[in-house]
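As written, the chains take the letters A, B, C and D, and residue 1 is the first residue of each chain.
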C-alpha cells in the first residue's frame, strides 16, 4: 500500500469531467452520419432504417449493457410503439411528433407495468420471461386482426407533414433527416443518463447486484426505472419505423428482431453507448449487401460472427478497438 | 449509556441445524466490540441476521430505539446499520472514487437523478474523496477497483461502508486475506474512525482483537458463551476450553 | 526425506489475489501423522484445499511420493491416493448413505463391510438420503466416504467441530484406531488441540498463513505455555 | 363428442412424448451444468437429417436409422462441447445465449445448403402406417410407436440416473462439483457424457419428429421455443418433471389448436409465464 504523492491525475473532479467530455472521435462520428446526404443519396431509405435500428439497439444497451438485464423480447416495446403510432394515424391523427410521443407513452406504460416482474427475477427465468412476453405479444397482434391487420400488416397509415410543412418524400430525405435528428436527441438523453448518478448506480447493479443493497441502494427501483425508460425509447424507434414506412408489419414484434438487435449490440460492444450504433450500421449494411447474393445464407455469417465475437472479442468491435489502441499507445 | 444496536432473543435454524439461539447483544454507541469463536460458531450468520440478509425465526433487533426486525437490508443501511464482507464484494470495473460516490449518492437520495451529469454532484464527489483520503486511498481513487492491491480493496470495503454514514458498522473479518503487516495498518485505520460509530468486528487474530476491542463476545455453536472485557475473556476457563479442547482438563 | 509420502516445499497459495498461505514446508512420512493447529482463519482448511489442488499455488511445490503434483487437477490427486474429508462434510444430499459411500469407491482394503464395522451407525442409516443425518452421522459418513476411495493419505478437516461430546469421543477413538491399527497416514486439522495432539506424532501450528511452530505432538502437549500463546487466548505483550 | 375428445387427447400425448424426447436432454444439461444451450434443437436437426440421408441416399429402413440419429447427434455435440462450450461454462448467460444462438444460425444455413429449404418427407415402413381401432376411436400406429419409445426412454433414463453408479456420479457432480472432484470423480468427463446423451436423445427426437411435424432448416428455432417452455415448466434437471410438462404442453397445444384455433400459441406462452412467475425454478425443480 505504498502511497505516492498526490498528482494532478488524482483530482477527482477533473477526472470525472474528463469522462463526460465529448471526444473528437464522437464529433467525427456524428458528422459522418451526414455523409449519406452527399455521398449515397440513393441509399437514404436504408440510412433511415439504420438510424431507427440504431435507436432501438441503444435502448437495448440501456438495460442489457448497463443494467445487465438479458432480454430476448425487447422487440415487444419496439412493436408496441410501431402499432400505437400506426393505429393512432389510421384513426385520423397523423401528426408525427405527437405520434412519436404516443408510441413512447404506450411502450413506456407497458414497460413500467412489466418492470415489476422483470425486477424480481434473474438468470434463466428472466431470459425466459422476456422471451415469453415477446412471443405473447406477437401472438396477440397476430390474432387481433381487427386492430392490427394481423399477418397482413396494418394498412392505411397516413402521416402528416412534419410541423405541417415538411412532406415525407420517396427518396428518404425527410425520413433520414427526421430519424437522424430523433436518434441524436435521444442519444444525447442516453449519454447524459449514462454519465449521471443514476448511470453510475446502473453500472453498480451490473458489476455487483448483490452488493447494492449493502450500500443502501434500492436496486429494484433502479431497474424498474431504466426498464421503463428503455421501453419508451424502443417505442419511439418503433413509431419512427411506422412513420417513415407508413405501414406496420407483424415482424416488428418478432423474436428475430429481438435477437438481431442483441446481435448488433454485442457485435458493436455492449455497455459502450456507441456499440449499438456501430453494430447496427455494420449489420444493416452487410445485410443489404449480402441479401442480394444469397438471402438464406445471411444467417450463416451472422452465426459465425457471433461465435467469433463471443470467443475472441468479449467486448465487441469497439472493445477490441480500444484494447488495440491501448496496446499501440504503450508498446 | 445509549445503545446503538441491540438484539433480544434472536433465533435461527436451518432445518435441524441451530445457527443462532437466544442471541442478546447490546452494542453501546462508540464502542468497539469483537466477536470471536470457533469456525461454525455462527458469527457471520449473526451479522447476516442483524443486517437483514437472513430473517430470524424469532427475537427482535433494534437500531437505537427502532425495531428493525422486519426491514429489508437496504432500508437498514439507510438507517445507519452497515456491514462489510469477509470476501471482497466490490464493483470491479468502477473506480474507487466512482464506487464511493455511488454509495454517497444513494445515501443522499441522488442516485435516481439521470438528467444531471455526475460532475455536478460536487458535494457527493468531495465527500467520497475525503473518505478515500482518510483511508489513504486518494492516490489510487481513479483506478478501476480490479487493479487495486488486495489490501487496498479491503480498505475500499470500509470506505463504501463509511460513505453510508453508519451509526453501527459490522466488520466481517476486515483483514481476511491481507498479509500481517498490512493488517495492522488496516486496523489502525479502523481504530481511527469517528467515535460516533459503534463497531462490531469479527476477527481471528487474538493480538488484533485484544488490542482494538473494548469488549469481546465469544460465540460457540450458535450461542453466546460469554461477554466481557479482554482481561476477563483471556482468563475465562470456558473460553480456554473452547479454544484448546478439553482432553486433559475435562 | 526420501520416504516422505507428501511434501510441501515453500508453498504460497490462496484464492485469486488473496494470499492465504505463505512459505509452508513440511513432510509427512508413510504411516506418519501430522496435526495442523492454529486459531480459525489462519489458513488450516486452505492448507488441505491446497494439498487437494483447489487453490491457486503462486510459488513452491507439492510433492507426492517424490513426484511433483503441483499442477495436477484435484480428481487426479484423489485417484493417486489422497483422501479428503471436507470441513463442512459436504455429503451429497440427493444420494443415499450407501450411494455416498460407493459413488467414488475404488478397490482396496476398505469396502462397505469394513466401513460399516468402523461406523455401525451408518449401516443402520444406509438407505437414508444424505441430508437426513445428524451432524455426527454426517461426519462419520464423510470420513467413511473418503476411506472407501482407499487412500494412502487421509486429510481430515476439523472432524470434531460442532459435535456432541459423546460423538467427539466415538469419532476420535475411530480416528485413533485408523492411525494405530490400520497404519493410515493422516493430516488432522483441528481446533481441539489437545485431542489432535494425542492422536498424532508431529504437529505444526499455523499463524496468519505461515508455520509459527513445529514440534513432536507429545512435547507440544506438555508445553502449555506455548499452546496458550499460539492457540489459546494469551497475547504477546 | 367423446370420440374427438379422446382423439385429441391421444394426439396430444403423442405430441407431448415428442416434446419430451426433444427437451429432456436440455433439461438435464441445463440443470447440471447451468449452461444455456439454445442450439439444442440444432442437435435434434442433426438427428433428423441423419435419418433422411440414410433413408434416401443409402436406402436404410426407418427403424435402423434411429440409433444412427442418436449417435450422430451425440458425436456432433461432443465436438461442440469440447471446442466451444467448455470454455464458456463459467461465462455469463449472455455469452452462452449468444454463442449458442450463433451455432443455431449456422446450423440453419448449413442445413439449407445441403438439403435446401424444402420439407423432407420420408416413407414410413408399412407396419408403422395406418391405425388400429379400439373403443370406437382409431389410434395412429406411428403415434403409438412414438409413445412407446418415449416411455421406454424415460424409464431407461430414470433407472440409469437413480440406480446405477454412473447415475450416482452424475447426481454427486450436480450436488457438489468440488467435493466430487475431491473424491476422484472426473466431473468434466461425467458432464461430457451426459451432454452427449442429452444431445443424442434430441437427435432421436428429431428423427422421430419428421413424420409428425416435418423437417426443414427452421426446425432449430421453431421447436426451440417449445423445448424451452417444457424445460422451464418441468423444472431443470427433473426427468419426471419434463415428462409431465411435455405431456401437459403437448395436450394443451393440440387441444388449443383443435378447439380454440383463434388463440394459437397464445395459451402456451401464457401458461409458461404464469408458471414461471409462480415457481421460477419450474413445477418439479430438483432444488
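Keep in mind that, in the parts below, contacts are C-beta pairs under 8 Å (C-beta built on N, C-alpha and C of every residue); 3 or more make two chains touch, one makes a residue touch a chain.
As the structure is a prediction and not an experimental result, all values here were calculated from the model.
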By Cα centroid distance, the chain farthest from chain C is A
Highest contact-pair count belongs to which two chains?
A-B
Dist(centroid_CA(chain B), centroid_CA(chain D)) in Å evaluates to 49
Just how far, in Å, is the C-alpha centre of chain C from the one of chain B?
31
With centres defined as the mean C-alpha position, give me the chain A-chain C separation in Å.
56
The distance between the C-alpha centres of chain C and chain D, rounded to whole Å, is 44
If a residue has to touch 2 or more other chains to count, which residues of chain A qualify?
none
What is the shape of the graph in which nodes denote protein chains and edges denote touching chain pairs (line, ring, star, complete, other)?
ring
Touching chain combinations (by label order)
A-B, A-D, B-C, C-D
Mind pulling up the chain D residues that touch chain A in the complex?
30, 36, 84, 87-88, 91, 93-95, 97-99, 101-110, 112-113, 117, 217, 221, 225, 228, 232, 236, 262-266, 269-270, 272-273, 276-277, 280-281
For the chain A and chain B complex, residues of the former touching the latter
1, 3-7, 9-10, 12-13, 15-17, 19-20, 192-193, 195-201, 203-204, 207-208, 210-219, 221-222, 225, 229
Chain C-touching residues of chain B, taken from the complex the two chains share:
15-17, 38-40, 87-88, 149-150, 153, 173, 176-177, 179-180, 183, 204-207, 210-211, 221, 233-234, 239-240, 243-248
Given the complex, residues on chain A that touch chain D span 64, 70, 72, 117, 121, 123-125, 127-129, 131-133, 135-136, 139-140, 142-143, 255, 259, 262-263, 266, 270, 296-300, 302-307, 309-311, 314
Per the touch rule, the chain D residues reaching chain C in their complex are 165, 168-169, 171-172, 174-176, 178-187, 286
